[in-house]
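Got a structure for you, questions after.
Chains: A, B, C, D and E, in written order; residue numbering restarts at 1 for each.
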Amino acid sequence: QQGEVVKIVRIDPLSGLLGPVGVNQDKSYKFFAEKFSGKGNPAGVKFEFETIDNKLSPAESLNALKAAIDKGVRYVAQGNGSSVALALIDAINKHNERNPGKEVLYLNDSAVDPDLTNSKCSFWHFRFDADTSMKMEAIASFIKTQPDVKKIYILGQNYSHGVQVAKYAKETIKRKRPDVEFVGEDLHPLAQVRDFAPYIAKLKASGADTLVTGNWGSDLSLLVKAANEGGFNGKIFTYYTGVTGTPAALGANGAGRVYQIGYAHYNMGGQMDQWMKEFKAKYNDDFYTASIPRIFTVLGAAMAKAKSTDPVKVAQAMEGLKVNTFNGEIEMRKTDHQLQQPLYLTVWQKAGGKHPYSPENTGMTLVPVADYPNYVSSTPTSCQMKRPAK
Amino acid sequence: MLKLENLHAYYGKSHVLHGVGFHVAPGEIVALLGRNGSGRSTTAKAIMGMVHAEGVIEWKGQPILGKKPFEIAHLGLGYVPESRDIFPKLTVHQNLLLGQKRGGSGAGKGSRWSFDDMYAMFPRLAERENTEAGVLSGGEQQMLTLCRTLMGDPDLIIIDEPTEGLAPKIVELVGEYLKKLKARGISVLLIEQKLTIAMAISDRVLVMGHGSIVFDGTPDQLRADAATRKEWLEV
Amino acid sequence: MEFFVISMLNGLSYGLLLFMLSSGLTLIFSMMGVLNFAHASFYMLGAYLGYTISRYTGFWAALVLAPLAVGALGALFERSALRKVHKYGHVPELLITFGLSYVILELVQLVWGRLALEFKPPEVLQGPAFTLIKHASDGLSLVWGQAAPEMCQAADAAVRVVCSPFPATRGFLMLVAIVMLGAVWLLLTRTRIGLVIQAALTHPDAVEALGHNVPRVFMLVFGAGCALAGLAGVIGGSTFLTEPAMAATVGSIIFVVVVVGGMGSLAGAFLASLLIGVIQTFAVAFDWSLGSAAARMGIALSPALQDNSLLKLTVSQVAPMLPYLFLVLILIFRPKGLLGAREG
Amino acid sequence: MSCALQLKDLRKSFGKTQIIRGVNLAVQPGERVAVIGPNGAGKSTLFNLISGRFPPSSGEVLLHGARIDGKKPYEINRLGLSRSFQITNIFPKLSVFENLRCGVLWSLGYRYTFLKFLAKLDDANARAEELMRQIHLERKRDVLAMNLTYAEQRALEIGVTIAGGANVVLLDEPTAGMSRSETEHFIDLIREVTVGKTLLTVEHDMGVVFGLADKIAVVVYGEVLAFDTPEAVRANTRVQEAYLGSSVAESQAQGH
Amino acid sequence: MPAIQNPSSLRARWIIWGAFALALLVAPWVFSNNLSITILCQIGIAIIACLSYNMLLGQGGMLSFGHAVYTGLGSFIAMHALNAATGGKPSVLLVVMLPLIGGLAGLFFAVLLGYVTTRRSGTTFAMITLGVAELVFAMSLMIPEFFGGEGGISGNRMTEPFMGITFGPQRQVYYLIAVYTFISVAAMYAFTRTPLGRMLNAVRDNPERVEFVGYNAQRVRYLAFIVAGFFAGISGGLAALNFEIVTAEVVGAARSGSYLLFTFLGGATFFFGPIIGAVLMVLAFVLFSELTKAWLLYLGLIFMLMVMYAPGGIASLIMMNVRVAAFGRLRELLGHYLLMAVTGVVALLGLSALIEMIYHRQLEGAGAPALRFLGMTLDGGNALHWLAAAAVAAVGMASFEWARRRFARRWHVVQEYIEHEIKKREVAA
């Protein structure tokens, strides 16, 4: 136990569309693996970390998984690309079934597809991000407080992530604000649209005053730019404004109108500020994937509790585990392994005052306008989990 | 004004010309005869800098060996290849247009030749002016290459088997026109199979065998010299 | 009505964007027959160089210098690599540009990093060129530049007023595209370059023997094509996004334009880009799907069928794919392309 | 009995220009016909119409009494008509042997099969070998066609043309670009490989024409000016000024 | 061109195929860990795919940008078949037949789409395939019913045990794949020796003339396209079994692109070229990207150099030397090769050290720890390390160029000699 080495391998893109995101998160892992090793965690284990580039390809991810397992790795992390997540959860289930005694745990830091903790939920999978439905709960709760939101338009990438955002937006918001009207919905192919002006024109024609989108990367930046130029000046609710690359691309665009829902933001204060400063100093890059330190916190606690680093025991220990992290107590819900945590709704605007931290030297930041404790954003699950016999 | 001395030429590894030497004077028609494979076309290509060659080639007193084909062309040498090499996708007119050298835009300013001259020479071409050269008949293509080169306004024109695939009547015609060229002060180096026409129009005949010149004299001398004819020309 | 106008403008400007992207390719692809897969990469290069240069010289100088730089690089590539491969035929030509596209992408990321850059258009081009105002009662009107906010909301809430600004960047983009059209057109018609190249494709030796410096012409044309890509890059980069993925997203669409337009036809490429731009833009406006069509025709669908996503697929969703459909159909029924001179 | 090949008022225009203006011709089986005429008269075009390279604008082409106009080249070829090209047209990246075998395959009924090994097709291979001997290219058996000399390529062109054993053969300037000596033995070759077949050949070399043909068709401006025995044609004054010019005599003189 | 140049020696052929079979047999025992066995599996799959692709590119002169459509759809259909299998576990028979099902699927779609694509040739053909590929890929994300959307569709290949076979263990799957690979390769080689196979070459060389020897060029292309589609489908089916999940990427343009690239790299003009290509493809994607962050850069550079200096692909390089050997002049070149190898490695060391340092700085930021490179530690902060690397690179390149020149001269001599010999033999013949 003490001084034991726990190897974590992350299977994530370092190249291609989400490469920048993956690279940033790779650094974050390395950063915190150091921080949390030895004294840093109650179990006193030493964390070692590396990323295997899966080029956002499920098939490649399976190779990576095999490679990791050959190296005797028992803890696998992943975040970008629901496709990869779904492939991994499936492969890991199979592996663990076929190789008892060699089980592998899957620590999910940012894949937000609700299926992973509902229809496809698995004992071996733990999600530290908040899934699409939870984030939508929060958005809806916020919209509830915004009487000027009357007509909502939904625009998304035509793949599971985008589709789900649309689905939950309609359900959840209708529930909390029966009076709002959904005036339009559009799905466009992932990273194919070069010009969003037509969508904006359509959106304006529909008379919408609010836009909800799950877009990320260039699909988001281009959308916001087009919205500005097209003279749409309603609110825009997003999931991924903070993701690497987008802030720089946004610049001053959409200041005061672009909202992001997340489980953390740039100005959490306290210890988090320390970390972000250090991170910035070390890598000249912005740390924003706050689920990563939590993964280490929870792992450490669970290992201490289980007095072992064996994945099965650790998994059992993690179930229902409550720990304190940078923003209060969080719980790994036993029924579906979805972390229950506070969420923050933030808005994109000039940095400064109480909110000095500015990502990618844009002079802008995300300022919290509302935060939601665990119970608000918590959503029910349909998960029937098969657990290995103790 | 064209002078070759001890010229050797190679295709990759195979050594084709073994010390060719002859000259062409201004306003002279010189016929280069010989069997297939004797190296006549290679000589032409060597002059135009299209095959690797060693020795001496002088044009208007300056050495041109080792220059690039387009440079040599700009010095006033014209070449009509035996493989017709017309540009199939371009119209007849465009083919002729390309004949003109850069700068020489507009139908031959200062050039001895205009489009009209060409069309006058071969009315057939005038009729086909705007059809794709690729569909021209074999003979028409032959005419086209000849005209295309003339448009470049050369002082010496090297013609490789111009009468190939031409109707007998046209063959005579070509003969006539070569004389006309001469009249306009253009020298001609004529590579031929058909003895008759060669003998008829040329001032001097060269006979080539196994990559070197084996006879150099007037047509009459050649007529007289049965031995050479027997050995190097007839079957 | 105002929706139609705006959409039309969007369609045209998008079409012109496509043309701007593909004009260089038209030059190279249809003249030299080289499937230059790196064209989009040169476009990206243009954007990045433009960004850097503009930091020192300002946007307008960059607008000139960056394309020249890209053109030079293109020429260099032609001279040092492509030329060697030319004699082996089109597949090797294609593959070497393919390899080049990887290299450029990596180099760009090494030099400028993997994140998007904030490449702002100059002040003049920020903000709208003009604004369309649709007043529920007194109809459609147009004001140049930004419309004053009060014009955009009526005194009493009952009257609905919509202001649709038209970004200056787009206007500029359209302008440049037109200029490019002119430039390339002149190049092809007023000079013999087009002829020389086409001829050289079949009989390079013969063309040289006629006194044309073929290798140089090839190099110039390739360079010119790349320069055009570079110019497009500076504008595209500042109007849209300057990021490593920008090449990939343009990727194959530009081939669609060239091929649909017809090999060797500049006018064709122009027409094709406009068509694709407009079609795609308007397609976005339609939410019809097979399902809804069936419903309209009174065909009752079983619930199962009703949420069969193929039937639910709306026109607007497939809009970005339409160009490819267009491509396939054109090539099958009119392999020469819209105004094509010859078949591939 | 029906003619081997018959053309009825055959016409072809490209765009506005009419190239073939109502050609009528009847070739009896086993006849050797030489087609002569000024450049651009339409000889090759005629061949193209007969062999299905272009469809005629109007008129009929009958092969052994059956209409073939408008059919595709491969259909016509399967009916036993084969043609060679004025500009050599073979399979550059295949060996001499493979070229010939490709010419043979269909006629022996192997069609598109991919269930038989070529090596096992004894008849086809034997035939190809024989052809190779006939055109004197045994030595170049495995040389790629593109590496052959011009004359050899011409020979291969003929070989591929007759490989399918067609009984009506059209040759477009077979001896073009060959020296006298080569021409000589090439004519013998043609004679030898076309015994019992119907032969149409385009030629400008009067030596060849008069040496080879039983009958001569003179095509001028897309019309048949004369179709008769060599003697008669040579006598024909109109033919002389339209085509032969005064050089006939000489061209024969140098003929042998 | 047939792979074995001189068919005269039947024995040679037996040896080659025997060796191939043996290699397939023992491979998983030589490379026995988990990963390497999956890699072997993927190599087998890739071999079939690339060979089937080369039917189009190398033998038919059809440049396709959409071959993944046929491998991919093969995978999907196969996977659906697997899942359709009686709720519980599939039978051994089904699993064994699955690749064939994939093959039939590939064949079906080739019949369907090929009809329109093969109507044209040359660039037009290429562009149609490009369009079709883009459309199919777009569809794959828009129709989750069939393609399973983002997550794709997964299945379980584990069967009821049958004489110890469950196809759970990777090794068992490997042998299934190996068998299919061997049969497919043999079949595709046989195809090149059949009338259709040969006419396909003829169509590549000169479609017009083909029509004048009784063949319909379009039909030939179409049939070949279908056959290629069938084998593509087989490899797709195997892939489905191997990964037990099929996602949209398998029909993606990237996949099609790599078939083209690596088939060419291996050598499209020789039958066995694509096999080499396939091996490289898998290694490149699975291992290379592990080795270095700069793998894309290297890949790009390698392609450019290969295309420039070995347009015939690796296979052609091999065959050239085989020819030299056949004329008994190989020995005198070996020294040169060795020399070039050594100097080349040095140059490579220096260059890659530089590249790696640059990337390291770029990705990890200045503050990042020094990078480990082949056992050495390179510190991006330390100017000396840069200088050292640069120096090594310079020396390496210089000496390599020198070695190359010497080799080139020798090579020229040898070739001349061979040309000469051939001429002599011709005359002798």
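The rule is simple: a residue touches a chain if its C-beta (ideal position, glycine included) is under 8 Å from a C-beta of that chain, and two chains touch if they have at least 3 such contacts.
Just so we're on the same page, UniProt names per chain: B, D = ABC transporter ATP-binding protein; C, E = Branched-chain amino acid ABC transporter permease.
Not measured: the values here are computed from a predicted model.
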Shortest path length from subunit A to subunit D (each step joins two touching chains): 2
Those chains which touch subunit D and also touch subunit C: B, E
Chain labels contacting subunit A and also subunit E: C
Chain whose mean Cα position lies farthest from subunit D: A
Chain whose mean Cα position lies farthest from subunit B: A
Centroid spacing, where centroids are CA-atom means, of subunit B and subunit C in whole angstrom: 48
Subunit C-subunit E separation of Cα centroids, rounded to whole Å: 33
Subunit D and subunit E: spacing of chain centres that average the CA atoms, whole Å: 45
Centre-to-centre distance between subunit B and subunit A (centres being mean Cα positions), rounded to whole Å: 77
For subunit B, residues that touch 2 or more chains besides their own: none
Numbers and ranges of subunit A residues touching at least 2 other chains: 23, 158, 189, 192
List of subunit C residues in touch with subunit A within their complex: 3, 6-7, 10-11, 13-14, 17, 114-118, 120, 128, 131, 160, 162-165, 167, 169-170, 240-241, 243, 245-246, 248-250, 253, 280-282, 284-285, 287, 316-317, 319-321
In the complex with subunit E, residue positions of subunit C that touch it: 33, 35, 81, 84-85, 88, 90-92, 94-96, 98-103, 105-107, 109-110, 113, 252, 255-256, 259, 263, 308-310, 313, 317-318, 320-321, 324-325, 327-328, 331-332, 335, 343-344
Subunit E - residues contacting subunit A, complex: 33-35, 38-39, 42, 138, 141-142, 144, 149-152, 154, 156, 158, 168-169, 239, 243-245, 247-250, 285-286, 289-290, 293, 296, 363-368
Contacting residues of subunit A [partner subunit C, same complex]: 17, 19-20, 23, 158, 184, 186-189, 191-195, 197-199, 201-202, 204-205, 207, 217-218, 221-222, 225, 229-231, 244-246, 248-249, 251, 360, 362
Partner subunit B, residues of subunit C touching it in the complex: 192, 195-196, 198-199, 201-203, 205-214, 342
